[in-house]
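One chain, chain A, appears in both complexes that follow, with chain B as partner in the first and chain C in the second.
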Partner chain A sequence: MSQDDSYEDVVKTRREESFAAFESRGKGLLHKVHDLLHGNPALVPLIVLLASIVVFGLLLGSRFFSPFALTLILQQVQIVGIVAAAQSLIILTAGIDLSVGAITVISSVVMGQFAFRYGIPPSIAVVCGLAFGTLCGALNGLLVSKMKLPPFIVTLGTWQVILASNYLYSRNETIRSQDIEASAPILQFMGTRFEIAGAVFTFGVVFMILLMLVLAWALKNTAWGRHVYAVGDDAEAAALSGVNVHRTLMSVYMLGGLICGFAGWALIGRLGSVSPTSAYEANIESITAVVIGGISLFGGRGSILGALFGALIVGVFSLGLRLLGADAQWTYFFIGVLIIVAVAVDQWIRKVSA
Partner chain B sequence: MTQPVLSAKNLVKRYGKVTALDHCDFELYPGEILAVIGDNGAGKSTLIKALSGAAPPDEGEVYVEGKRVNFTSPNDGREAGIETVYQTLAMSPALSITDNMFMGREIRKKGFMGKYLRQLDRKAMEEFARQKLSDLGLMTIQNITQPVETLSGGQRQGVAVARAAAFGSKVIILDEPTAALGVKESRRVLELIQDVRNRGIPIILISHNMPHVFELADRIHVHRLGRRLCVIDPKEYSMSDAVAFMTGAKEPDAPRAA
Partner chain C sequence: MRYTTALTAVALAVSGSAAMAQDQTTACLITKTDTNPFFVKMREGAQQKADELGIELMNFAGQYDGDHETQAQAIETCIAAGADGILLLASDTSSIVSSVEQAQEAGAIVIALDTPLSPADAADATFATDNFRAGELIGQWAAGKLGDEAENARIAFLDLNVSQPTVGVLRDQGFMQGFGIDIKDPARYGDEDDPRIVGHDVTQGNEEGGRRAMENLLAQDPSINVVYTINEPAAAGAYEALDALGRAEDVLIVSVDGGCPGVQNIRDGVIGATAQQYPLDMAALGIEAIHQYAQDGTLPQPTEGKEFFDTGVELVTDEPVEGVASISVDEGLERCWG
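Then we have the complex of A and B:
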């Protein structure tokens, strides 16, 4: 080796600098808040949720701050909440699903039509509806993962296709609540109510909360959950470090479809009837809940519980403002503001060196 | 002559009309640091991807300890004991050090929680990660659960090397480990590489940095136009010779070209 390349000798001998030290920089309050939010992304929506409950509670008193009114919010958000769980999974993989609302409604239509048009036993019709939802999710998953098409475009397409199929297949007919009650009550199972000290719950609400808790646990504590985050963070890096990206994406889209199938079942419970014109706006509402819940649209960041809080925030605002007698447009106004604030906060959290 | 740990014959890899590997041969012997140098686009990265399974070759054979292998994914290579530190590091910035080290080979809890609910054994993984990091002198990492994105470039490289060293039982491949680092951080990573070699694991080092290559390497594989031009001994040649070979300014006098 020639002599001209000994320029690094200086650093070879002087090595008192610790290479991997994590010096705790002199942290201000802002830094501490930032670190806390970085570690617990569902904290912001939880604070907003509690604050909005307190504010509306102060403004409206017991009309709002009662077990009945608060559980009414849960019933009103159950469909969006369940769909938001599916949407969260997909957005965590850096995707987006515009077809969730369509899958939800077509699953409910499949359940109703299979039971009433073909005379299939209602419990099997429910299973068929769930399977159909999963199938729709699998179609999205294949197009995203195998064909490598952008999720936005794929689901923009399948949204239209599924929704149109829904109208064509159902012949735009509603199955009446009385008929379901008489011959296929299991379709309304998710609407079963029970009361605890003035608080009214339905099985659909319980399902939404359990679903969120189970998914939150699985995302944190299983390899599958870690892979979902890794794929959303950087799919190529995940593949190189040994994650089966295709299988992860397929599992997420299929599970998303299955959850939408359950949302379809809960939809029948909520409405009583099977209506092909319902829940069509669930796609935008679920994205709203996810964004307000602090899950990053760029993937790989956020907590699924945030989506539950996000859905509840929307529910609190719409009920609270309605009880205040405000124009319904104010709800949309504030939700719009919240979305922008949520994304701004997300950007701030993502900045590591704030 | 000793048997190579990892070798390849007549590797061909085409991307559309571009031939990235053109009947390339390769040998790595036990306990050595083999540097692979070559100009941009010579096919160095394709070569290591073909060896590690990340980009299976179109033609040719790869042998691990004399046995023919057929890797179709990075996981196949990893199972055979070949670990790669990619230039991009292949880490998920938002996930913790532990999550990244165990990505794709997580440890599950024993008993019901692990078997049926597939719960991860976080404690065991964190313990292992901490152990491996301190083995490599990265003891100052206190919080094993902090996200990788909060680490500096050198620290990330350190974690990536630790991951490879922890699981790579036969071969460790390092693609441009010092390219993105400052002088001091590079120095630390070079020491890490020597530490790993001293444990007896052979290393393939891809680098553009001639002083680093000549300091570490036992042999230098010069890659040119998708194939091995020659293998030189850093003690017998100068850096300018090596650069002349890899740019085509000079032909090797004892050609070992395939």
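Then we have the complex of A and C:
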């Protein structure tokens, strides 16, 4: 054991002493920035986020730069933020999940219908909804890792299947906020508000932030997290070095499904009601957040916190532009620009690793 | 290969059944989707009437709102089946016209329901809600409810989506007209300069969009006290946003549609008033028109002064305002859909 340790030490010391160092030394400021960004993939979106808050703050003054408006952005992005956490995990394994929005909405519908149609105690209905989300994720995971089908195709299919099931099962009927409040208030739990000095938070927002932090920690510091990156970087190499690729993929897709289930719960909290037509664009919006957050669509690279920043950037632009009185189209326009810039920056950063 | 065989078999079966029922009138109902309660109610109305008149009814629907392909295919299937008439809720009102013409050449009459085609006269007849009138009713009601305060109103508009579809423009502009705002160009919103307008935002016609749009407009101007919404789900979302700020009690929300959850929301004080439309009547009238045409070749005449047959709209509220006719929530619940 101790021999192994000292063996690694030798490698480390050697590296420091030898040619590997030339990458970062004596190449000017640009190169240093390059290295820094490469080492901290969430840095670019964080800078963009802070810059956009400052710019809109300068343009709009206290209307934007107030605890109220800034926490409103958090509330508006909570669903996409939570879903983006699931999307990040899957994209880190070099996959993609088009069915996240559908899983989110069907989980919320299961929670609502189980409580109202079958009279199951609401707290158990919530657990059923979460379990159903996990099950949907497991289905995706099985098709991807056992049947070896491309994730894009698998989730293109399950997206339609789940969405259609959602409409058929719910008969596209909404469960009203007032009814939920009267007989199953736990469904709205994630919407519970609390205020700190003018800043308004909901449990859903707190959940989103905690989820991101926990996942960021787990991805960095646990064997599971390193396996996720390894599988995304090169599944074959990971398998050869003893990583159980099937188990890693299954865990990622199931966890993704579970997170979408929580997003469904948060969705009820946000809307008050259970509405089968909501979260329709959550798949595209979550992919947007992930891409703007600097996570590589080729897998194995990026920080999950970037996805949170990505979602917040979109939220800042949406609210900021609306407050400036701009046509809603401009929001889409700038988000499109941001996506392209984000991918361009990603490509530039990749070059340094050569 | 197997696919082609199956298709041929279906085609044979369809034409076979049409041939057998030569003397029986056949009608098609093509809706935008088969999940929206509005269309479900429509199908119900059509089926009832068809059973009553001994008409064979075939149902088709797009897979999602905006699914033009499936609707065009449905028309082809109806032509193949020798349908006498087609009731159509077009997803793409201009692209569908060429398919409609094919059906007319094959001898079927085509009746547009709910959504006029563009041009409107491409259909043999149109049964629809007067959406401008629907907006006007809730606008008049809101102005009447506020009384003298209407002059100082701060109004938020929660519209459908950025492409300004006709139905959204008609309801929005109707509301303005009813409220006493100079609408300028009636073909679009956003060109008005009345200082009472706080702004427009889009909702996609659902709760999620309604809440977000309301929050955005409140951040822009917290003094909003009147909210126009494109439909009741958007209104429910707007209410959640207002409730979160403790503003739910002092803001007036008006809406259009008349779905059952929406009418119940009037009872619960979420919405002040809504303009109710009648999908069941639209479909039943459509079937009757097809029956009439098959009997003696006469077409239904449009309502006087309009390009379409107006299937009516009623203001639903429990707080009637003088000079604006309305029905009670109880009556509204009896006639609601979804």
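What we mean here is this: the second predicted complex is superposed on the first by the 327 of 354 C-alpha atoms of A that agree within 3 Å, B and C clash if a C-alpha of one lies under 4 Å from a C-alpha of the other, contacts with A are read in each partner's own complex, and residues count from 1 in each chain.
We take it that contacts are C-beta pairs under 8 Å (C-beta built on N, C-alpha and C of every residue); 3 or more make two chains touch, one makes a residue touch a chain.
All of these numbers come straight from a predicted model, not from anything done at the bench.
Student: For A:76, decide between first (touching chain B), second (touching chain C), both and neither.
Tutor: Touch status of A:76: second partner only.
Student: Once the shared chain is lined up, is A:118 touching chain B (first), chain C (second), both, or neither of them?
Tutor: In the superposed model, A:118 contacts neither chain B nor chain C.
Student: Which partner does A:38 contact after superposing on A: first (chain B), second (chain C), both, neither?
Tutor: So A:38 only meets chain B here.
Student: Where does A:301 make contact in the superposed view: on chain B (first), on chain C (second), on both, or on neither?
Tutor: A:301 sits against chain B, while chain C stays out of touch.
Student: Common interface residues of chain A with chain B and chain C?
Tutor: none
Student: Residues of chain C touching chain A in their complex?
Tutor: Within the complex, chain C touches chain A at residues 33, 35-37, 40, 162, 190, 199, 201-202, 204, 206-208, 211-212, 215-217, 219-220, 233, 236-237, 239-240, 243-244, 261, 264-265, 268, 270, 338.
Student: What does chain B use to touch chain A in their complex?
Tutor: Residues in contact with chain A: 54, 74-75, 78, 84, 86, 88-95, 99-100, 103-106, 108, 117-120, 122, 133, 137-143, 146-147, 149-151, 154-155, 158, 183-185, 187-188, 210-211, 214-215, 234-235, 238-239.
Student: If you look only at chain A, which of its residues touch chain C in the complex?
Tutor: Spelled out, the residues of chain A in touch with chain C are 63, 68-69, 72, 75-76, 79, 167-168, 171-174, 176-178, 193, 200, 267, 270-273, 275, 277-280, 318-319, 322-323, 325, 327-329.
Student: Contact residues on chain A for chain B in the complex?
Tutor: Interface residues on chain A, with respect to chain B: 1-2, 5, 7-8, 11-12, 15, 17-22, 38, 221-224, 226-227, 229-230, 233-234, 236-243, 300-301, 352.
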